[in-house]
Amino acid sequence: MNTYGTLFRVSIYGESHGKAIGVLIDGIPAGIKLDIDLIKHDLDLRRPGGMGTTPRIERDEFSILSGYFNGYTTGTPLHVMIENTNTKSEDYEQLKKHPRPGHADFVAEVKYKGYQDYRGGGHFSGRLTAAIVIAGAIAKQIIPFHISSKIIQLGSETNPSKFDQLIETLQQEKDSIGGIIEVKATSMVVGLGEPFFHKLDAEIAKIMFSIPAVKGVEIGDGFHGVHLRGSEFNDALSDASGKTTTNHSGGISGGISNGNDLVIKVMMKPASSIGKPQQTYDFNQHEVKELEVKGRHDSVIIKRAGIVLESALAISLADFYLISKAYQ
Amino acid sequence: MNTYGTLFRVSIYGESHGKAIGVLIDGIPAGIKLDIDLIKHDLDLRRPGGMGTTPRIERDEFSILSGYFNGYTTGTPLHVMIENTNTKSEDYEQLKKHPRPGHADFVAEVKYKGYQDYRGGGHFSGRLTAAIVIAGAIAKQIIPFHISSKIIQLGSETNPSKFDQLIETLQQEKDSIGGIIEVKATSMVVGLGEPFFHKLDAEIAKIMFSIPAVKGVEIGDGFHGVHLRGSEFNDALSDASGKTTTNHSGGISGGISNGNDLVIKVMMKPASSIGKPQQTYDFNQHEVKELEVKGRHDSVIIKRAGIVLESALAISLADFYLISKAYQ
Amino acid sequence: MNTYGTLFRVSIYGESHGKAIGVLIDGIPAGIKLDIDLIKHDLDLRRPGGMGTTPRIERDEFSILSGYFNGYTTGTPLHVMIENTNTKSEDYEQLKKHPRPGHADFVAEVKYKGYQDYRGGGHFSGRLTAAIVIAGAIAKQIIPFHISSKIIQLGSETNPSKFDQLIETLQQEKDSIGGIIEVKATSMVVGLGEPFFHKLDAEIAKIMFSIPAVKGVEIGDGFHGVHLRGSEFNDALSDASGKTTTNHSGGISGGISNGNDLVIKVMMKPASSIGKPQQTYDFNQHEVKELEVKGRHDSVIIKRAGIVLESALAISLADFYLISKAYQ
Amino acid sequence: MNTYGTLFRVSIYGESHGKAIGVLIDGIPAGIKLDIDLIKHDLDLRRPGGMGTTPRIERDEFSILSGYFNGYTTGTPLHVMIENTNTKSEDYEQLKKHPRPGHADFVAEVKYKGYQDYRGGGHFSGRLTAAIVIAGAIAKQIIPFHISSKIIQLGSETNPSKFDQLIETLQQEKDSIGGIIEVKATSMVVGLGEPFFHKLDAEIAKIMFSIPAVKGVEIGDGFHGVHLRGSEFNDALSDASGKTTTNHSGGISGGISNGNDLVIKVMMKPASSIGKPQQTYDFNQHEVKELEVKGRHDSVIIKRAGIVLESALAISLADFYLISKAYQ
């Protein structure tokens, strides 16, 4: 179930403090000359180090262990692994019994009956998004579409020039904030997606919600479209190619790409790990107790998330693109 | 691909003006005494007839053709069919060449190379949501959770007592409006969902976006949560059962149900079919021409959508519930 | 789970004495001009009436209820239904408590906790193979390969000219016999199949074993190949197209079609329903009792099975063929 | 597609001469105390070294890189890797243009357009069965059934005491031979399997054919059952538990386990790699030329295959077992 896709299939494994994390990609066409620098570039975008994120650490070093030969994909399952290093685990056992609010600590304890690797969030760690980024960077090399992203809101702030100011305040308060990222795909074609369930927007929403911290996804105008009448919202065709004069529907009609730009907005909640003390139930003490999450935290983890969402979109589009070729 | 689910599997077929629509449900446990009245009740909620919807028509008459014996499910695939009656098709051929804005007419023409059944939206018709409602009414009889929904916004209006006024205006203007529906599941358990891709929120978002006209899905606070700091957004555990003092995360942590109420908000765009004339490309005339969509239209189709979204949620939860039983 | 395929997806429903049986086909390309006569022709081949089969009954009348418009497939799910008529059910209740040897009566009772439709074998009835034949006849219209079948052994008899003699004996003895059918696909291409699990032979074996009464499947020489040395079994390439001088491997190497004829042999056990009395456990009497299965029986049901196996092969090949197009 | 299973999902990757091979197992229950010695024991059974196999090499050293914590499975994807060592690749490039008869060399070249890792068979190498064995050894720890296997025929020889004699001859002749293995599962339950497509026998046949060199699979009497009449083949129930006096059907009725022992026979063709020179097409010389496959070969590779087939059966049964729990 920890697999996405019908033909281009991405499976993820690993835990934050385990030996390695990685991604297995099946259904990748043979003969793709992999641009390794692009994978590195995308991983670097996800790396901490900017203002409001934890201090810069070393680059994620990955190895391609299968499905890759003489610089090209072979067409058989491609496995990319990142070994975990520098994983200090001493502090985590207490979190098992005093779960962090907003984290998956508690649900993991119940679902996995106490057997989960609880260190650093284990399998729920944001670290696994590095695997998504690797798969996404490879997916981008299969599809003819162009994908980009930008933060359009940070907390209540929509003016990018004021983001740094907000971040400074948050760091002082040992708190965090969420935001909204717009992800786009341009140079689209008409016809990706199926009319029910396997709709393009349905699958995009699914993979976006698969990224930790995502709590809302909208296509085109999304929730803002509630203020428009049908006569305003309806995108009128302006020519035979399917271009529309407006793009309220964000490039998808009836679950199928209509050739206009895909426009997706994604809300990410504030990072759950904050330095500020919180009151939450302690399973050892059987009462609500103060919890202070140790370590350095991302106050605006969303600054690292754009590339992850882009990657998720690329993975989904690669799958739809391959499927569409079967029907040409 | 027009199938949803891993164990509880729902497949939909049919076209608006074809011979029948229906749903095939596989993976349903044996021995469920089906409450046929509940299916009828839910179908009635979806039926037009209220203010702002097209005039009341006859009840959808369905037949259970397999998987049902002596009043109980047999455990083998259950097929429910609704035969289409009163389908006047004369007016639709023009829409093939003069596609309606906001509809799937154009993408269907391209994707299916002109072979689609274009009458009344064909397979893209909202009529197929009757099949979803049937499957949902059956799903509800498998799960121990309680599902409900309500319209919380109509256009810009959030005060339900003023909805009728707005609807009247719209009908006069031959226009339509969208809205926001809140769908809830209560009496939840901890542990539904997988950590990646097959997350509970990811699958809920997927099935919600599978419903025609949905353009946004949020869990818990969703986009509104952007204004909260981590210290405010984080839901603190108040007792050993996993109950939290707040529910900003809408009952899902790390993609897994945390035992609190599931709270999902869904934005539906205004109905595309409006009486008001629209300017859009005409493939016969090779220019933008005025289009007037004939017939009677729903100006606030969202009034019929709550039960559809409830049904979608029930289908998804039934699948997760069965999977969870495999790991107990 | 009662669905086969990745892109070309076939789902089957129905019970022998229920209202209808049918098949839902998803992933069928748009614009296939369906040859309805071919469907009828193939269904007729499956119809009883020949020597050693039950007396001729009326033709299976099917309706295409969706996914078909103006003579062509629309690209959306295609549903074909056969209504059941003349289903006398009076005699079946006793079989629930005195299950027929060789039938699924007992396992159905346990698996479905007594809720199964037990009349005429219910969902396990060979009648559902009519749905396979319909799907297969449609699949044949998608693939460029030619499929055929023949009975190569009936009981211990391998000389077709002596089959009738054997059948006569069986009918006198109120007994039945199995046989071996060879199914072939010619005009094959190189490259269908994946190296693990989704191998061409693995999927063919899966769909063949999905047909009731099949107890053995072999590719190429199969079990007879046990007598050959590697130097004899290895098929040597004779030219650049991949043609081999011998075809011991039956057209599949490493799970992937090699361009030579696909050769599959399928063993079908004797029909379980025989007139001859049998001793088997009676759950009412709590002891082994004699059972005499009433009605008219096929003593050589395999005479009707060739077209079913052909259809199964066509379904599988249609799926592989569409997938292969995604990677061209 | 290189994934098997619905809930217990096994994905395999790697190439014979690549950096590593491995297996990703998803859907494994949390809290299984893994018996690492069993995994080693099963891998050892697959290791060469006996008479008629290539000389003993070092043990396959595996690492569990995720999904495993403090000696127990965590419930999240479990990844096991074997790094490849001692992989001499110098001799393989010629095989790309002079493909070995009976191998996948030619189909890989066409399917993957020349981009495949051709060294040592690449992804098609029997080496990947080590990954199957690991997954199988873990699967065995989930299921309550007991699995065993034995070689019942080697070439034309059915007397085990004469196997060594045959092997000696083969080694002198630099040739190979196939055989038949019987795989059994005992302590079975009633009810595993679905009535169509996802039948127990259909899935077992699928996973057996996924093992390299398998060319035939039969359940119970299989092809030998062709000589029996229905009155002989039908297994009569002898008591209320479902035990039958005979087991011609090999423990499966209507695609569903009937509680009796599962009996599966699998034919494996002779190893393709033989020392004896063979005539086959040379794509460089554009003519049929003699090929002598260098290196040491298994003349009776089937001696190492029993544990692989057992593992395959265990994987399939683990999946069915988990699914059955969802419906209890």
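Note that the chains are named A, B, C and D in the order they appear, and that numbering of residues resets to 1 at the start of each chain.
We adopt the following convention: a residue touches a chain if its C-beta (ideal position, glycine included) is under 8 Å from a C-beta of that chain, and two chains touch if they have at least 3 such contacts.
From a predicted model like this one, the values you see are computed outputs, not experimental measurements.
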item: Chain pair among A-D, A-B or A-C whose interface repeats that of C-D, sharing over half of the contact pairs by residue number; value: A-B
item: Chain pair showing more contacts of the two, A-B and B-C; value: A-B
item: Length of the line joining the C-alpha centres of chain B and chain D, rounded to whole Å; value: 45
item: Chain A-chain B separation of Cα centroids, rounded to whole Å; value: 26
item: For chain B paired with chain C, centre-to-centre distance based on mean C-alpha positions, whole Å; value: 37
item: Residues of chain D whose C-beta touches two or more other chains; value: 1-3, 6-7, 12, 30, 75-76, 111, 123, 195, 323
item: Partner chain B, residues of chain A touching it in the complex; value: 1-4, 6, 10, 12, 99-104, 106-108, 110-111, 123-124, 128, 153, 155-156, 170, 173, 175-180, 190-191, 194-199, 201-203, 205-210, 212, 214-223, 225-231, 233-240, 242, 244, 248-250, 253-258, 267, 269-274, 276, 278-281, 283, 286, 288, 299, 323
item: Interface residues, chain D side, partner chain A - complex; value: 1-3, 7, 9, 11-15, 18-22, 24, 26-27, 30-31, 63-67, 69-70, 72-79, 81, 111-117, 122-123
item: Chain A to chain C touching residues, read off their complex; value: 6-7, 29-30, 75-76, 195, 322-323, 325-328
